[in-house]
Structure formats: structure tokens, C-alpha cells
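Notes follow the structure.
Lettered A, B and C in written order, each chain numbered from 1.
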Amino acid sequence: MKSFLFPEFQVFRDENLCDQCRGCERQCAFGTHRYDETQDRMISDDFKCAGCQRCVIFCPKGAITIRPTPSSYRPNANWSREKIEDLKRQAETGGVILTGCGNDKPFRIYWDHIVLNASQVTNPSIDPLREPMELRTFLGSKPDFIDLKVDGDHVDIDTRIGPNLMIEAPILFSAMSYGAISYNAFNALARAACSSGTFFNTGEGGLPREMREEFGRCAIVQVASGRFGIDAEYLNCAAAVEIKVGQGAKPGIGGHLPGEKVSQSVASTRMIPAGADAISPAPHHDIYSIEDLSMLIHALKEATNYEKPISVKIAAVHNFAAIASGIVRAGADIIAIDGLRGGTGAAPKAIRDNVGIPIELAISSLDRRLRDEGIRNRCSIIAAGGTRCSADVIKAIALGADAVYIGTAALVAMGCNLCQKCYTGKCNWGICTQDPRLSGRLNTDIAAMRLSNLLAAWSHEIKEMLGGMGINALESLRGNRDHLRGVGLYEWELDVLGIKGAGE
Amino acid sequence: MARAELDESVPRWDPMEQAEIDARGIATRELNDRLRDLMKAGIEHVVLKNVCGQRYIGTRLYTPEKKKMEIEIFGTPGNDLGAFLYGHNIRVHGNAQDGVGNTMDDGEIVVEGRAGDVLGMSMRGGKIFIRDNVGYRTALHMKEFEDKKPLLVIGGTSQDFLGEYMAGGTVILLGLGDRTHLANHIGTGMHGGAIYLRGAVDPSQVGKEVAISPLSDPDRELLKKHVGEFVSNFPELNLDLSEIMKKEFVRLSPRSKRPYEKLYTY
Amino acid sequence: MPRRRRELYNKEICACSIFGAMNRDGDRFKGQGVIEAIANMHVRGNGLGGGFAAYGIYPHYQDYYAFHVMFTGNSWEAKRCAKQDLEAFLCENFDVVYDEEIPHGDETLVSDPPLVWRYFVLPSKSGEDANRTEEDYVVEKVMWVNTRIENAYVFSSGKNMGAFKGVGYPEEIAEYFMLDREYDAYMWTAHGRFPTNTQAWWGGAHPFGLLDITVVHNGEISSYGTNRWYLEMYGYACTLQTDTEVIAYAADLLMRRQHLPISLVAKILAPPIWNSIDRMNESEKKLLTTLRMVYGPLLMNGPFAVIIGETGRMIGLTDRIRLRPLTAATRGEMFYLSSEEAPIRLISPELDSVWTPNGGEPVVGELKNIRMVKDEVIPLS
């Protein structure tokens, strides 16, 4: 059937610069570029281009430009190009439209409508280069009070505090499984987390055995509905265990890793046969209700001898704050909430673009809900989905989060350009692929260094902003909405965020 | 720690390596604390008396050196019996509840009675033998991996959604006592492994991903072996293997390893 | 979940002077010297708030909670209504053994004074309240009045002590309440205020207190929002539009309800930095780490110096990197704390010792006992 679709991108090659080295041809796994012997020149097939910009950056002559195709339908505010083309694609295949990365629709990004405070006169700002500035954060349950026995100079703590994760900056790497991303990318996340005093999350694809001894101590291992790669050793080698209930990019649905991505190594990490589809059911079939979640939380505490904090990750949806309160009461030590803009390796577009609520509103309502119920100490909140810079992080903390998970930001640090073709397995940047020819392009050491650099830079910026507000410990900003003001927001939005308008 | 008062049918154990816990009134966590302490002390056989609802028995027994323990349970153990089980053996003299063998890795669980819902969910290895019937969603997403091939043999029959999402392993339903298999939605989403039913099943009872076929010779050999294990696990039933094998079996297996291949467009 | 309106409270920000004097033998003395001392720091305030706390002033009623209550409102009628509402509430929940208007001088000394009354009361607990401690009961009732009864505000609620405060320079407030002649106390704390935003009201002056704990404070608490939400989880209503009350409530929560010694309370309000904690020995490290993990939301961040008064004890504390000043001094049985040294010298030219306490380390004066708490954890008897 002849396809009626436009190409998405147009490849422009400066023939004066191109010397037919065929580098672009080798770089592009989508097969966009081809050398034509008869003409002795490179030709390209715009229909295949994903817009990942790999060839642009690696062309030694700087001869290539990739830009959105100028072809256009008659402008129509209702029938946008995307709507028309998605429809055509479905008419041609009868399939569910799949996409990658996070929601790219123009929902309001609240981060960009919130401004921070700074000290002037009445309170000195603090210079983090020369004065102490503390970002250390503990993730896990804390008791309301501690009982102490004071005997002369000696103080004994009678209260036992449950296991907590200590991080030196409030940023963790979000769940990205080996299988969804390449071994090198996965390994780079682990290395950067360990060397930067934070944690990476294995996602639901298991943790390769050879990585356990070295990186287990900075791993949060996931238990998802597919239960891939889970055995007692996997659970016990990690720093914490996370039950994945939902994901911001696709709340309420399961997923599957297609068999072609299940290489021998992915398969053995997931403990399934190579080439088989790895199907994750929509729910956990041992969790049909909150008391069942409690059962799984405690099963995992039992399986890890009560030595690891248990996190529960849910997507931020309409009534999630009440649900999260139940999750805390069910025994979770950490709640990870994933917002509307959370990323993914593959999700049906209809779900990604239409389900869930923005993370900024979610953080605020969850923090407030738990405080109102007097159980805020009992768990930590990790916010995920949509963090792009250090200012987003610090705003998340002031709205009530204990830390944030970054996923997309980490991938961009490694080279991702958000072409949204993750599900094809043809990632030219070697990140979201199991093709050894492609994944080999990602140098683990360099990728790990880029990630560590990112964490270091953001930490420094957070310290600067914190110092500007006259605060020298991050714990004094947590939930401290005094330091935020809204710009260009409706009254209801300010109410949900619990912040004043600028100038109020 | 009193010496176990053992029934004559149970083999005798070296008294230094066995122990008994009276679980009456003991909370789940404390019971599992004690089991863990006993395992660390080198005890290899434990008898739990008066168990009533305590969960996760066997779950806390992971050690990097893979120590093994045998646990005999009198009473009714609570949910998630043997969840994440790492090679231990459990025998229940009575019924079990929901979640037996959840995400079990290795070991053996024998239940001298019935079991509840989601038996053997996501089980990857080891064996479970249930004397009587089981509930909904048995063997859901059961998997297999390399030399690990879980086995589940049920003396009676199961309720709906048996083998949903099943990705590996072997499930055998014997339908003893002329029980007929009434479950619906058997094997929906199945993409690996095999279910053997003794007796008939109507195509309307199975998911669209499932093929029903007669037994091959290797199937028959496999069944003989596993049903033999079942028979010897329940000597009190006085079962005759060859009698059982006389009745017709059917094999349920996935039509494809990739049931959702054509679902998406890019 | 019904939508909740965001709060539009204004946190007052102020610079200030603080002063405290204590006779450790418990001998009581008139307020004249303290008034002169705080007046000596006149330029640190701007006339928009002054106040005092005096301990040991009601020996005849020492077993009764002394409630100092202000009735505000624009008209005499509004004040009278507030007083009626309060008295109905008191009668229902307490035995009132004596009450009177707090004596004061000419109203032209100050601007727009409220009606200020004192009540000596005993809790009259019934029903479910029977099992609660008397103090918890009193705290809850005080919080109830301050959040529910319009124009009535209990600003002092301890036994054998009282706070006096209002809009004006501290020496004006002292004259209005005749503190130089009406009261004898073994311990006085004082405050002169410089709020950066106007809208001064009588309730917003220092000291702030709950039961017999009072706080006078110089500085700004940048962690106010965090401290506040934490305290609200434990039933403290932060209604006074000022950051100082969180210190008073934190002190009540930690010292009275959790019985923590002041040395540890200081480690919670102004903890050592992680770098120092990481270098400590294992048991200290564990203690300090645990305190920070559990009580992190009570860290008072930003510049502060406070004098906390409670029965028999006066405590000075500054933030952990000492962004606000505090001087301590002793002369015989007298113990002084002040924003500056000069006011101390003014009333006691000769001193036995005078020093600047380290940031985050409490200085404590107790009846018959004074002890400096150094970096290590030394519990106080």
C-alpha cells in the first residue's frame, strides 16, 4: 500500500562540502543515507530520517543539515499535521500508535511559572563557595519522635530508625531498564550514581549479575508487574527495592519489550528465554487492592530482612494523593510519583499524551495531604517526570519533594536528542538499543563522566540558589512554599500549589 | 527449643539439626525472625505447629551461600507462603491461602490440601504440588530460564485465568476424583510453557493465544515423571500412577511466542 | 478533596535587640535595670514593638496558670464581645480563681492599646480529657482560643510568670505596664523590635510563649515554612504572622513534650554541619545523624539569636553559623544575655566574665547553676 505520509524531516547536504566519505551512511541505523556509485554522490531518503541529528554532529565536513520538512498541509488549528499523519498511519496499518520519550504536548509547565526568593538585607544570603552548604538528604521512613536515654554524658537512642538511603544531592536516576536502554547506558548510570553519592534505578529488567557486587550498593531495584529478573539475591544486593505500580508516561497500562530486543544478555538478566516477548501485565496480579500492596511491601521487607527501604512508584493521576496516603499506611518508606511529562522507551501515544497530571501540582498536593494526615515523616517523596534543570529540582523540593528522579535529563546528558524513536531499537546514539553495533557507540566512561558532570553542575547551582535564599541546609527548604511565588497562574493553580502570586 | 514430636510417617532427623516452633499467637515477623535465626544456627529441619495466618513463611531465608532448610507446617499458613523462595522445602499439613510460591526461584512446596488464588505467580523455578483444588489465576506469568523450569502439579482443578500471560514452565492439572475442568479464560496471553489437563477442555474455555493438542510421546514421558512425583508426595492417597495415566490428557501451548507482534504502528 | 485556599499570611520580618538578666540565687528584683538596658539598645528597634517576660512575679498564685489575654478590635464593643466569648470558654474549661485587668498607666503613653486582662486558672478536665496531662490540656485550649475566638489572644500562659508586650519602644511598654514598680522577678527577658513591614499589632510583639516557655528573638527564620508545617502536624497553630512563634513551639515540643535536654534541643535547632558530624566518633555520629534525620524540619535556618526563658532557666542560642550577635556575662549570682555588651555594662559595670558564645552552642543559666555547653553532648541535670 502506498503510504500517504510526508517525511518528517528533510535532509540537506551541501554538495560542495561532502566528500562522499559515507560516514553518515554508517551512522544512520534508519538507513537514511546511501552512496550511489553511478553518480558518485551521497543520496538520502527523507522518509527514513528520525531527526536524531547523529549524522549532523558526526559529519567530518559539517555538510549535513536536518530540519523539519517544509512541506505542509493547509494550516488548520484543529487538524494539525500530527493529527492528520497519525490518523493516516493507523489507516494504513490498523495499529496502536507507539511513541517514545515524554509527553511533548504544550501542557502548562508550572516550573516556568514559579519564581524563587532571595535574601535582601534582613537575612544574609550565603555564599556556597566559602560557607557550608548542605544538600545531604535521607530517603526513607522516620519516626515522629526519638526516645533517648540520657545517662550522664552518655546518650542512648532507644528508637530504631528504619533503613534510609543517604544521598549527597537530591537527584537520583530514574528507572530505565536494561533492555529498554543499552548495557553501556545502563552501566554508565550505575557508575555515575556510585561515584556521585546517589542511586540509579534498575527499572524492571533486572540487574546483570556481574554488576551486583560493584554497583548493588547504589542500585534501587525494581519489582514490576512482569517480575523479571527477580530473585532473593537481586533484592538483597541492592540498596532499596521499588515496587513499580505505574509510570507517568503510561499510567494504568502494562507494556512489553518485543522479542527482537531480548538479546541473550537482556534475557539472562531478566531471566527469560532470549527472543521471547517480555510482557508486563497492566496490574500486579497479586495487587488488586491496597491491602494486597501492603502484603507485597511486607513480602519484600521479609525477603530483604527489613534491611532495605521499600519504595512504591505510582503515576500522578486524579486521585493519587489519597491513594498515596494509603500507600504510606501500607508500609512504604518512599513514594515515587511520576507526572504527566515522565519519559518512556515505548508507550501508546494516546496514553502518553492524555493521561495523568503535571508533577508540580502532584508534589504539592501529596505533600499537603500527608501533612494534613500527620504522616509526612513516615515516608519520603521522590518526584519524577519533567525535571529539566537545577531550578526545577529546587522548586520541587520547596513544593514538598524530598528528591527527584531524572530520566530524560540523564539520557540527554549521554547524547539523546529526543527524537522519540526509542521503541524502534535503532537509537543511533547507542542509548536505546540492543544492537551491539549501535550500543558500542556509547562509551561507558565518557557517558558516566557526562552524567557525573551534570550532577555536579546541578548540585552547585542548587547550592547557589539555596544560599541566595539564606538557607544552608536543603532540609530547611523542603515544603517551604514561602520561598516560591507564581507568575501567570490562575487562582486555582496557586491554591493547589499552595503558593502566593508574585508581589502578594 | 524442644525436640520435634514427629509423626511416624516423617523421616527421623538428627536432633541437633531440627527444631520445633509453636507458632500459636506469634506474629508473622517474629515467626520469620525465629526461622532465620534457626537457619543461621545451622538447623536444617523445622516443624511449625499451630500456624494460623502467619505470612511469608520461608521468604526471609535468603543467604548468599544458599543455605537450605526444610519446613513442616501444621495449621494454616498465611498468604505469600514461600514468596521469593530461594531453594527451601516446605510441606503444609493442611490448606494454604493466596499467593503460594509468589515469584519463587527454587525449592519445593507441597500442600496436603487446597490452595487459594494466584498460586505460583511469576514463579521461575522449583516445584509446587497441591493435593486438591486451586483458585483463580494460578501460574500467572510463570516463566522459565535456562535450566530453571518450574513445575506445578495440582491434584484437583483450578478456577478461571489459569496460566494467564504464561511464559514458561509446566502446569499439570490431574482432575482426580473425576473433577471436570470448568475454568474459563485459560492461558489468555500465554506465550510460553505448557499446561497439561487430564480430561477434556472445550476451545471456548481457552484464550485465543492457546492451541489445544493431543500429547506427543515426549509429553507422555514428561507427565509420567512429574505425576509420579505427585503420587509419591501424597502416599496417603494410595494413588496408582498407571491408573491416572490411563485417562486422556490434552496439552495447551501458545500459538506464538509473540502474541502482540502486530499490535503497534510506528 | 475540596480545594483549599492558599494562605495569604504575611510573615513579619524584623531586626531586634534582646536582653536577659537572671539572679541564679532566685532573689527577685524589679525591672528597672532591664528596662534601662533594653532602652540602651533603642536604635536597634523602631518603636513598633517591645516586650518583657518576667519569672517569679506571682508567688501568691504560683500553682495557677496565669493567662495574660489581650482583647483587640476597633471598638470598645468588639473588645467587650471578645472578652465575653473568652470568659464563657474559660468557665467551661477552667476554674478561674481570680481575674483582673492588668494594671497600666496612662493610655496616651502608647498607641491604640488593647484591653489586657489576666486570669489565674486551674484546668477543669472532664470526659476524654481526664487522661491527658494538664499541660497538654492547657496548650490545646490556648491554641483553641487563639485560632477560634475573634479578637482574643492569650499571649502568656505559664505559672508564676508573665509576658507584657505591645506596640511601642520597650521602655514605653514597660512604663505603660509599670514594670519598674509593680513586679519582682528573679529573671527578666526583654525585646526591642524593628519590623521591616509596618502593620504592627500588639500580639505581634515579643516575647512569644506557651506555658512557661518564652522566646525573644532577633533575626529571620528562612526555614519558617518548613518549621511551620512540621509543628502543625503536632497540633501547633501558627497564627501570629511571625517566625518567632515556631521557636517557642519547637522548644515546647522538644523540651516539654519529649523531655529532651537543652543540649540536644540546641543540636536540633542549630545542628553541626555534616562535615563535622562525619568526623565525630561512632556514637556521637550516630546520635547527631539520627537527630538530623528525624528532626531536620526543625532546623532553624537563617540568622537568629534567641533567649529562651523557662521556669528556673534562661537559655541563649544562636544559629549554627552565628549570623546574629549574642553576648553572655556573669557577675556573682547574676547571669546576663544581650545583643550587645554595653547594656550589660550599663547595669553592671563590673563583670566576672563576659564572652561571645559559639554559634549553635547554647549558654544556659539555671537557678544555682550555670554551665556552658561545649561542642560535646553534655546533658543538664
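Methods note: a residue touches a chain if its C-beta (ideal position, glycine included) is under 8 Å from a C-beta of that chain, and two chains touch if they have at least 3 such contacts.
Note that this is a predicted model, so its numbers are computed, not measured.
A centroid comparison over C-alpha atoms places C as the chain most distant from chain B.
Taking the mean of each chain's C-alpha atoms as its centre, the chain lying closest to the overall protein C-alpha centroid is A. Remark: chain A and chain C have CA centroids separated by 47 Å (rounded to whole angstrom). If you average the Cα atoms of chain A and of chain B, the two centres end up 37 Å apart.
Centroids built from CA atoms put chain C at 66 Å from chain B. For chain B, no residue reaches two or more other chains under the stated contact definition.
The set of chain C residues that touch two or more partner chains is empty.
Within the complex formed with chain B, the chain A residues making contact are 89-90, 92-98, 226-227, 230-233, 235-236, 256, 258-259, 267-268, 271-273, 275-277, 279, 281, 285-286, 295, 298-299, 302-303, 305-306, 348, 421, 423-424.
If you check the complex, the residues on chain A that touch chain C are 119, 121-124, 126, 131-132, 134, 136, 138, 142-146, 148, 150, 152-153, 155, 157, 159, 161, 164, 319, 321-322, 365, 368-369, 371, 374, 376-377, 398, 469-473, 475-483, 492, 494-500, 504. Those residues of chain B that touch chain A in the complex are listed here as 28-29, 32, 36, 55-56, 59-60, 62, 64, 79-80, 83-84, 86, 98-99, 102-103, 105, 118, 121-122, 124, 137, 140-141, 143-146, 148, 164-165, 167-168, 189, 191-192, 257-266. Against chain A, in their complex, chain C makes its touches with residues 1, 3-8, 11, 13-15, 196, 219-220, 222-227, 229, 232-234, 258, 260-261, 264, 273-275, 286-287, 290-294, 296-297, 299, 301-303, 321, 323, 376-379.
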